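Next come two complexes built around chain A: one with chain B, the other with chain C.
Right after this comes the complex of A and B.
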């Protein structure tokens, strides 16, 4: 989230697309209720189902799963055509005026540079025109036909209300009503907030869904302001933290990157990360990349990371593919190329698409290690549970170790919520039996491995035996030690470059990332967390809930990254003179000499507002309506169909799904078509359950005891399905049996002249725990992910459905 | 906001005060006094309070856990009750149907309590000691890494990666667990590294 949950009360319009906050984030959703009750805010929900969020909305419209880009581009077109644009914001705070290269273009659903063989674009033309001075050329009048604004206008021209209706199934009048409500928020004193979740990310073009809304928000001037923003509600309690700390194949903590093979050495690696400003006088904060990288390497390898050995750069692995993400790993398992696999609080047997493939992959491992508080389906993947897990146990040679861990009530540390608050928690219960902290387990495994390398030698032991491990008890580092390491400290005295005065003494914690240095004099495990544990103590444990003037910022409650800032890009809440766009909703402002206000300003404290642009992380100094080559599937979002869709792509019928999404050969053969599987399925959560955890709790299991699928009355009539009757749902990769919930909440839609039926598949059942045995949607979903993130396409796929015989009573 | 106020201490004092004054003022006879003595004390008055946050979605509602026994004092502590933290800015004391049932999640019948192993081809788990389990894992890691570690590519560039082992991290563990996991996984050169953010 760019903004905190508590800021939603400041909005005028909430648009929920790609999420269902009332059910999935109930106590956060109360801030929507607050905005409605006290500000007169309106709530708009666009969703394939009439969800519980929709039931309290002011306006609801249906949409076909996987067609959101068409809706969003249509809304942008409508705003441009009807002058619903915050012009000053667009002109000064976005790249609308930047000129795009002459060779960039789009036709037949594809941007310039497509290579069908490689399933990739050559992105060279997706860039600005650069002048002799090295800066991008601009046209502040926005009239040059090659400027981003004109290019965008041309790009969205096809998305007329008729086109939108035809693709999305959203009736034209409803679409236009919603455009009208959105358009009102282009006024400086009106803001809209976007709340989305996995309903937008779990598509083969999920990142482009989000780009689409971000662009709309920029055109309305709603980024960086109170009551605005792009708010990813996020699924799990610390999914933000795990991402921040970079527990992904290609990441280093703080959104730095693992090198690729082409980055043969430290200098080559840094050469593509100079991030020089593309306009005069801009901050381009990523220029500090080397500082953060050296501080990270010092945190990893301490004294073994020296200037002479390029800070131990070669201790890091280099990638030969973009990422060994979870889909690739299960593909490799199926190819007999993985031997050992660890699942730490993760249940892939129910979370990864094409369960059959997950099962065969796990069956080919030599050893699977599961660390979990609960007895999961994954740790029992080899156990036969009849139709619910029909495996040949004796033939599965995988050795499985199931290790009991503590849960939240028994451990200590910080979790990062979706508003980027790092909140510390304390243990209040003794772990059951022999359950252990994850930190203990990881330290025990790792110190044993280190010991083996110390005594036996072996393959490149250096990064292991030299790993910094300076803990009071090497067998169980304390959370406070680990948190201090992530914050960072001075290894030798750190001085102010201007005055030479010592600002942090050797051994002291830094108080912010501005004190980090690239010369080896500081270390920090995760630079964006600098300031979370300073010499003043644990900032994440702060509990002062005062909120001057009720703005909703709570600056002394816990710690928010970066720099305790609560609203990202908050500099953009003020105009070119540094004064708030909306005087009734000030956030930060310029007093002629300094920035100040209710939040920590997202700009250098003395940066002159008329000179330094508000988007300091970007080389442009402004935000991007056109993203150059930063996304694999295009600098603008373009409509793409899901890989399994009831209709062909109207731009280019040959194009299946996202033209650059990675799909493995064996999975292409497992895609289904609408002749055999005519109905669109989508997965979702219920408010009574949390993923596959709460079915272990008898209370929640009693509230929602049994797997069901949800269909319209029309589809039920068409297929002879009765309310509460048992059905079989099947697709190209598997089948499930469920109770049919026949509702008015799902209605057939009309797209391209055809009736489209939607089947809703909730995701909370398996074969372990207290609830009745069932299945998850992953028995049915395709093994393909988003082109940029490889997030699997769980939200739009094809199935068939028929009545089934009743389950035999045991 | 007085952040050090101990609700438990306050309740305990109040409870004692009520008992003493009403017994005296109302002139209870011995029968009533005996009956009053049987009235159960307020269940949470003798518990330890601990601040925590809900482990489910990333709204991260503040919660208060009530336990019999104090972990900080080195005692065995049994969780008795969980409620929303009224001081928390986001949830202000409220909890959803999932959060409201958190105590029973902690006490779920399917919580794991002992390391177990399922041997190749077996149809059951058997218990194993922590030491044996950890030694076994370390041995497998070492042997597989030594056998499959890729030090350089065909061009001779150091690549130092290990692709035959993979690690799926969680989504509800703490930052501190995440950082320790990061350090250990990366130091070994594992690239098959992912977490639940993707799904």
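Right after this comes the complex of A and C.
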């Protein structure tokens, strides 16, 4: 989230699209009810289903799963055409005025540079025109036909209300009503907030869905302001922490990157990360990349990381592929390329698409280690549960170890919420039985592995034997030790470059990332967490809920990264003179000499507002309506169909799904078509459950006991399905049996003259736990993900459905 | 924008963590089932109410979950029968239930998903208490809470007949009647009901009835501004008003909220029979026996004998003792 949960109360319009906040985030949703109760805010829901969020909305419109980009580009077109644009913001705070290269273009659904063979774009043309001075060329009048604004106007021209209705199935009048409500928020005294979640990410073009709304928010001037923002509602209580800490194969904590194998040395690695400003006088804060990277390497390898050995850069693994994401890992398992799989707090048998492929992958392992507080389906993948897990146990040779861990309520540490607040918590209960903290288990394994490398050597033992491990108990690092390490400290005295005065003494915790140095004098495990545990103590444990003037910032409650800032890009809440756009909703402002206000300003304290742009992380100093080559599938979002869709892509009937999304050969063969599987399925959570955990709890199990699918009354009539009757749902990769909930909340849509029926498939059941045995949607979903993130396409796929007489037998 | 003047705080604020003296007790009882001449307390407690704002409810069932946890009940894990209601009905182990109604508004042609938290309404004039033939099985406090005293319940089911909202459920296990207590045990020590405490959107709030009525007014005003011109408060006069009230978007049509009665009244049979203070074989328990705790106030064997049931039936069906004044001893 760019803004904290508590800020949602400041909004005038909440648009929930690509999410279902009331059901999946009921506690956070209270801030929507606050905005409605105290600001008279309106709530708009756009969703294939009339959800529980829709039940309390002021306005609802249906949409065909996987067609959101068309809706969003249509809304942008409508705002441009109807002058619903915050012009000052667009001109000064976005790259609308930047000139794009002459060779960039779009046609037949594809941007320039497409290579069908490689399923990739050559992105060279997706860039600005650069002048002789090294800076991008701009046209502040926004009239040059090559400026981003004009290019965008041309790009969205096709997304007329008629086109939108045809693609999305959203009735034209409803689409236009919503555009009208959105358009009102282009006024400086009106803001809209976007609340979204997996309904946008779990598509083969998920990142572009989010881009679409982010662009709309920029055009309305709604980024960086109170009650505005792009608010990604994170699912797991600490999934924000997971991304921050870089628990992905291609990331290093703090959104730094694992080098690729072509980055053979430190200099090569840094050469593409200089981030020099693209406009005069801009901050381009990522210029500090080397500082954060050196501090990270010092945290990893301490004294073994020296200037002479390039801070132990060679110790880092080098990627031979863009990422070892979960889909790739299970592909590799299926190809007999994985021996041992550590599965920590994860239930892939129900979470990874194409369950059949997951089962065969796990069956090919030599060993599977499951660390989890619960006895999961994954740890029992080898066990026959009749139709619910129809495996031949005797043929599976994988050795499975279950290591019971503690759950969140039994350990200490920080959870990072969607609003980037690191909130420290303490154990509320004693772990049951033999459950151990994850840190204990990992430290026990680690110290033994290190011992093996020490005594037996190996091809390259250095990164292992030299790893920093200075914890009081090497067998169980304490959460406070880990937190202090992530914050970072001075290894030798740190001085102010201007005065030479010592600002942090050797051994002391740094109080912010501004004190980190790239000369080896500091270490920090996760630079964005600098300031969370300072010499003054654990800032994450703060519990002062005072909120001067009720702005919703709560600066003394816990700690928010970065720098305890609650609203990202908050500098953009003020105009070029540094004064708030909306005097009734000030956030930060310029007093002629310094920035100050209710939040920690997202700009250097003395940066002159008329000179330094508000988007300090970007080389441009402004935000991007056109993203250059930063996304694999295009600098603007363009409508793409899901990989399984009842419609061909109207721009290019040959194009299936996202043209650059990675899909493995064997999985292409397992895609289904609408002739065999005529109905669009989408998966989702229900408020009664949390993922696959709470089915283990008898209370939650009683509240939503059994797997079901939801269909319209029309589809039920067409297929002879009765309310509460049993149905079989099948697709190109598998089948499930479920109870039928026949509802008015799903209605057939009309797209391109065809009737589109939606089958809703919630995901909370398996064969372990207290609830009735069932299946997850992953028995049906395709093994393909987003082109940028590889997040699987769980929200739009094809199925067929029929009444089933009785419970199936294996 | 931060006008919280009418926002009740009882259930929202953090409860006291130190043990607290109960601020009401058996001495505040104003009515006792099958008991006449209940001595009236010296004091009148302020009337309480739970307000359920149906327009803010997201149907998350946190209230059901909190109710189960607090009351330590064990609802059955049933099947899905094609609806979102689980369990499918109120049960002796589920005192509150979200009921879901899909209603197409003929005025707008828009679908509305009306989600109502069902449970005991705590009537000012409680039909269950009037119908109950077991002395001391149902009591009413001067703050309006209607509570079942399990130990005195004979499981005859006449509270079910007497209830205009079809709320009490008889356990097949212990043959006792169960329903929401308005968390009398929590309220007595200054906490709000568990459901209100758990409600993430504050669709359930709790406080004095006067505060709740005032709060409801602000909500109704908001709903009217959003086009719900018939928004209103459900506090039906036919049962003397209730201590659980609803804010409804369509107060002119309570029936669309899963058959919420338009004009609930105590069954004429129960009204006709009036006081059941002649207990025909059931000993009247004097208030001398009242203990200090709220539940189990009246000590009595809890076995239901055949003749108890027969006696109760006779009372209810034949409506004896027509001269008793049912309101005698009741609150003014």
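Assume the second predicted complex is superposed on the first by the 807 of 810 C-alpha atoms of A that agree within 3 Å, B and C clash if a C-alpha of one lies under 4 Å from a C-alpha of the other, contacts with A are read in each partner's own complex, and residues count from 1 in each chain.
Please note the rule applied: a residue touches a chain if its C-beta (ideal position, glycine included) is under 8 Å from a C-beta of that chain, and two chains touch if they have at least 3 such contacts.
Just so we're clear, the structure is a prediction, and the values are computed from it rather than from any experiment.
By the touch criterion defined above, A:27 reaches both chain B and chain C. Once the two complexes are laid over each other on the shared chain, residue contacts for A:319 go to chain B alone; chain C is not touched.
Looking at the shared chain after the overlay, A:723 reaches chain C, while chain B stays out of its contact range.
Of the two partner chains placed around the shared chain by superposition, chain C is the only one that A:550 touches, whereas chain B remains out of contact. Of the two partner chains placed by the overlay, only chain C lies in contact with A:56; chain B stays clear of it.
Within the superposed three-chain model, A:742 lies in touch with chain C and out of touch with chain B [touch as defined at top].
Once the two structures are superposed, chain B and chain C can be ranked by residues of chain A touched, with B on top. Of the two partner chains placed around the shared chain by superposition, chain B and chain C are both touched by A:770. Residue contacts after overlaying the shared chain place A:37 against chain C, while chain B stays out of touching range. Of the two partner chains placed by superposition, only chain B is touched by A:366; chain C is not.
When both complexes are aligned on chain A by C-alpha atoms, chain A residues 26-27, 30, 687-688, 698-700, 703, 770 touch chain B in the first and chain C in the second. Residue ranges of chain A in contact with chain C, taken from their complex: 9, 22-23, 26-27, 29-30, 33, 36-40, 50, 52-56, 58, 60, 550, 687-688, 698-708, 722-725, 739-745, 770-772.
Residues of chain B touching chain A in their complex: 1, 3, 48-62, 65-67, 69, 71-72, 76-79, 82, 84, 87-91, 94-99, 101-102, 104-106, 108-123, 125, 128, 130, 133-142, 144-146, 148-149, 151, 153, 155, 157-199.
Those residues of chain C lying in contact with chain A across their complex are 1-3, 55-62, 64-65, 68-69, 74-84, 86-87, 94, 102, 104, 110-115, 200-203, 219, 222, 225-226.
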